[in-house]
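Each of the two complexes below includes chain A, the first together with chain B, the second together with chain C.
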Partner chain A sequence: MNQGNQVSESPQKLISQINNLTTDDPLVIAGRAFRSRFMVGTGKFPSAEALRAALAASGAEIVTVALRRVDLAKPQTDSIMSVLDPGRHLILPNTSGARTAEEAVRLARMARAMGLMPWVKLELTPEPKYLLPDPVETLRAAEMLIKEGFVVLPYIQADPVLAKRLEELGTATVMPLGAPIGSNRGVRTRDMIRIIIEQSKVPVVVDAGLGAPSHAAEAMEMGADAVLVNTALADAADHGGMAQAFAMAVIAGRLAYRAGLGPVREEAAASSPLTGFLE
Partner chain B sequence: MRLTVNGELREVPARTVLDLLQELGLEPKRTVVEKNAVIVDRAAYRDTTLAEGDVLELVGIVGGG
Partner chain C sequence: MDFLKVLKSWPADRVHRLIEAAGPEDVSRALAREQLSVEDLAALLSPQAAARLEEMARLAHRLTRRQFGRTIGLYVPIYLSNICGADCTYCFYAVQSGGHGARRTLTPDEIRRECEALARHGFQTVLLLTGDAPQAAPLDYLARAVAIAREYFASVSVEVYALSEEGYRRLVDRGLEGVTLYMETYDRDTYARVHRRGQKQDFVYRLDAIERAGRAGARRLSIGALLGLFDWRLEVFWMALHARYLQKECWQSAVSVSFPRLRNAPPRHSILHPVSDRELVQLMLALRLFLPEVGFNLSTRERADLRDRLIPLGVTMMSAGSSTRPGGYALGEETLAQFETEDQRSPEEVAAAIRRAGYDPVWKDFDRAFCETQQFQEENIFAHGEQL
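Moving on, here comes the complex of A and B:
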């Protein structure tokens, strides 16, 4: 798709070059350094090709997957694992589908048995309309998983108190939501995310609801350490093109955060001298 | 032998977990197996025997956010 677009011709090379702008500024999670601050979810892509294009253009090094019962009617055609490159991607299994802490632990153990790294995106969203994370079960599951040696990245409501409690338990990150999963609504929880960023000693990953590159840039400008995007990429007409746009926005937001944004003012502050032009 | 596989009752000739996966056309490397709610070590698929009434869950990786 979009083959006439020069920028899309070697998205991998471009994003690699752009990621080099911030090589002195790696994202460190549980002692492991990553160049990319853009995490990508692999759900809902219309084809393996679409996912492959998005992953290549994203430059993402952390890529989420889910676990489900094998469909015995059409087993493992076009497996997602054929698209992922364990040399380049840290494959981060989520616990979606779990309704209790026990179910989340069961899913995490299965992922580990699959031979994946013992990292888990803890996601406990029992209520189907808004898929909001259950804070009580999430806290319980985090404690159980950490005891079993998992590196835990919990998906949470943008609740600074909960974020602090999870950090104190020993989670590797916190992942507050911008808006409900798949809603493409942007950083609606901005005020609470600001507090989480201010107080957090572990990386803050804004996850869910980011529907446009400007949303990702906004989160990064605020000082988020990374973002995770899935639906906005899967929904796009050009999956690689959108992944590239997000990757550039993530880096732009990070560079702006590091450069220091100017203060927001109620009144004008002239950028030209205020004297009359012939005075 | 009658087993419950992913919630469905099935009559299978399989004697071991590895047999079962092969009969169902599943790749052992890409499939996690729970037998009676206990995860079977992948290295033990060949040696893990099945018994009448066992409950198997076969799980794989899919796309997810």
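Moving on, here comes the complex of A and C:
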């Protein structure tokens, strides 16, 4: 029996089965329940086929697209839009490249006018070098978009106070970065993400910088509600294989979080307690 | 406005000494570093690094993939005018170069016809060009051309004579995304020798122009040196410093570089510093390792077979199906060309070659919705109405 072949022949089925392990534990964003806690970004893929393979194997239900990149007027010829299945994927438009709140709002309105759901992944990335989020403009844009009835998922620096401010405005999630976009460095902002998870009343999605399935598992073990991955899938030699590996890591991390991880110890537990004499 | 100071702190003899002093161990150290110093850059531009091209290529390929993915943006130039008031000895547009062919500046209606022809190929990113002639193509004309092109394309950039900050701001207000302006050569003596007339003779005004464009809000800033005019190792060193300077000064703009090689020149100009394919590859790789986040533009000046092989070595944008004649796409008139293109494949053929190389050809990477102009609002209503 060749397990390896079975897996690669039906990655969707496998991930679906794995997702069933957590059916009692859906991810709920703005009142909508999702089975998958793995969100996928669609940039940087070498072809439509590569993207299709990654999406199928990921089991992702929330898929983000850059409004600057896709041609919503001609979705059938666009190498990203033509792959997405609105029946299976919630298409989450992002405002990547916006420098000001006004630009982000205009992009979101345009997407809604073109028939997408009024959900928006707010990305205010005014500097093209590291694509880091601008906290001031993000806060302003979130306020404007929420007033217009959008469901807002903001990409932010791992800043616990900013996360609370956005939550108070009414964002549907917060999406702190693990490391700069595309850097594959993992959860470098771990200490701040831990505080965000502890304090947050909305789902926390660790976004950006996750370069390996172990990074995704780490974020989920910490109690993140979901992760978003793009570059690590787009840059893999086997896009479907890597998407599947991440999907499994996300589930494993979630199960470990729910099962309750033991504390990390610096030394072996003492066999004769120091306070035994008090007994 | 301080890049001149930076440039002055790196005179040719200093850069030359640094490059000459590099040994094999300096190249090894540069290849092992995560962030390269200017000394590392000099080592990678040195003759010593020529023996390490394969290693450099592997690193450059990986860095580019991580930053840009396996995608190549496609753009096309639209020459609006071939009337030129400068006298650049290497250029066929210069009157003194004795080139044949009609000279003209496209009317707004003709610009539309060119745009329509290119939009049919699927282009969403265009570069509007003129000669160095504010008389033939004044700012008002450029502003109108940008507005027209924006009706057809998501992204419009210009490559025109150096403007004032106010001038660039006017174009940005009409929806301009990017500005391309090549210094041609960063060596002041060479610059003075090959530029013999017009505003272009002002080295400092041209040097600072791209920073003015950044301050005026242009989101893409593209610089370049015309390789063949001076020692390429020094030119590329200076251009790399310029790119890094712009990344700091204009931190909200994406910086990209071009390395056009002068292949043919008018009879009066002899190409003193020709650059071989191998040297071109070395300079691209050195640039990529020094500047992992900078875009690389590759035009149809280069041969089709070479362009295809350069794709995995750091290229991020390619032009396709280009004509360097005003009216070259729709008007069918034999106007004077700036230079003859080497890669004459159609946009569709170039896109197919990109796919064969394992990359996704990207036609659109900007959106009109980023910029709010009167025109945008009208279009948006139209687009919405059409969908209903």
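To be clear about the criterion, the second predicted complex is superposed on the first by the 251 of 279 C-alpha atoms of A that agree within 3 Å, B and C clash if a C-alpha of one lies under 4 Å from a C-alpha of the other, contacts with A are read in each partner's own complex, and residues count from 1 in each chain.
To be clear about the criterion, contacts are C-beta pairs under 8 Å (C-beta built on N, C-alpha and C of every residue); 3 or more make two chains touch, one makes a residue touch a chain.
Fair warning: this is a prediction, and the values are worked out from it, not measured in the lab.
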Practice prompt. Check the residue A:N94 against both partner chains and state whether it touches chain B (first), chain C (second), both, or neither.
Written response: first
Worksheet item: Taking the superposition as given, does A:S16 touch the first partner, chain B, the second, chain C, both, or neither?
Response: neither
Worksheet item: Touching A:M110, do we find chain B (first), chain C (second), both, or neither?
Response: both
Item to complete: For A:N184, select first, second, both or neither according to whether it touches chain B, chain C, the two together, or no partner.
Response: second
Discussion item. Quick check for you: in the superposed arrangement, does A:T42 touch first (chain B), second (chain C), both or neither?
Written reply: first
Item to complete: Determine, under the contact definition given at the top, whether A:P128 touches first (chain B), second (chain C), both, or neither.
Response: second
Item to complete: Once the structures are superposed on A, label A:L67 by its partner contacts, choosing first (chain B), second (chain C), both or neither.
Response: both
Worksheet item: Is A:L228 in contact with chain B, with chain C, with both, or with neither (first, second, both, neither)?
Response: first
Worksheet item: Should A:Q199 be classified as contacting the first partner (chain B), the second (chain C), both, or neither?
Response: neither
Response to the item:
Both chain B and chain C touch chain A at residues 43-45, 67-70, 79, 109-110, 113-115, 182, 231
Worksheet item: Along chain B, where are the residues that touch chain A in the complex?
Response: 5-8, 24-27, 29-32, 34, 39, 41-42, 57-65
Discussion item. Can you tell me which positions in chain C touch chain A when the two form their complex?
Written reply: 65-71, 122, 124, 154, 219, 247, 251-254, 293, 355, 358-360, 362-367, 369-370, 372, 380, 383-384, 387
Discussion item. So in the complex, the part of chain A that touches chain B is made up of which residues?
Written reply: 41-45, 51, 64-70, 72, 75-76, 79-81, 91, 93-94, 96, 109-111, 113-115, 181-182, 208, 228, 230-231
Worksheet entry | Residue ranges of chain A in contact with chain C within the complex | 43-48, 67-71, 73, 77-79, 97-99, 102-103, 106-107, 109-110, 113-115, 126-130, 182-184, 231, 234-235
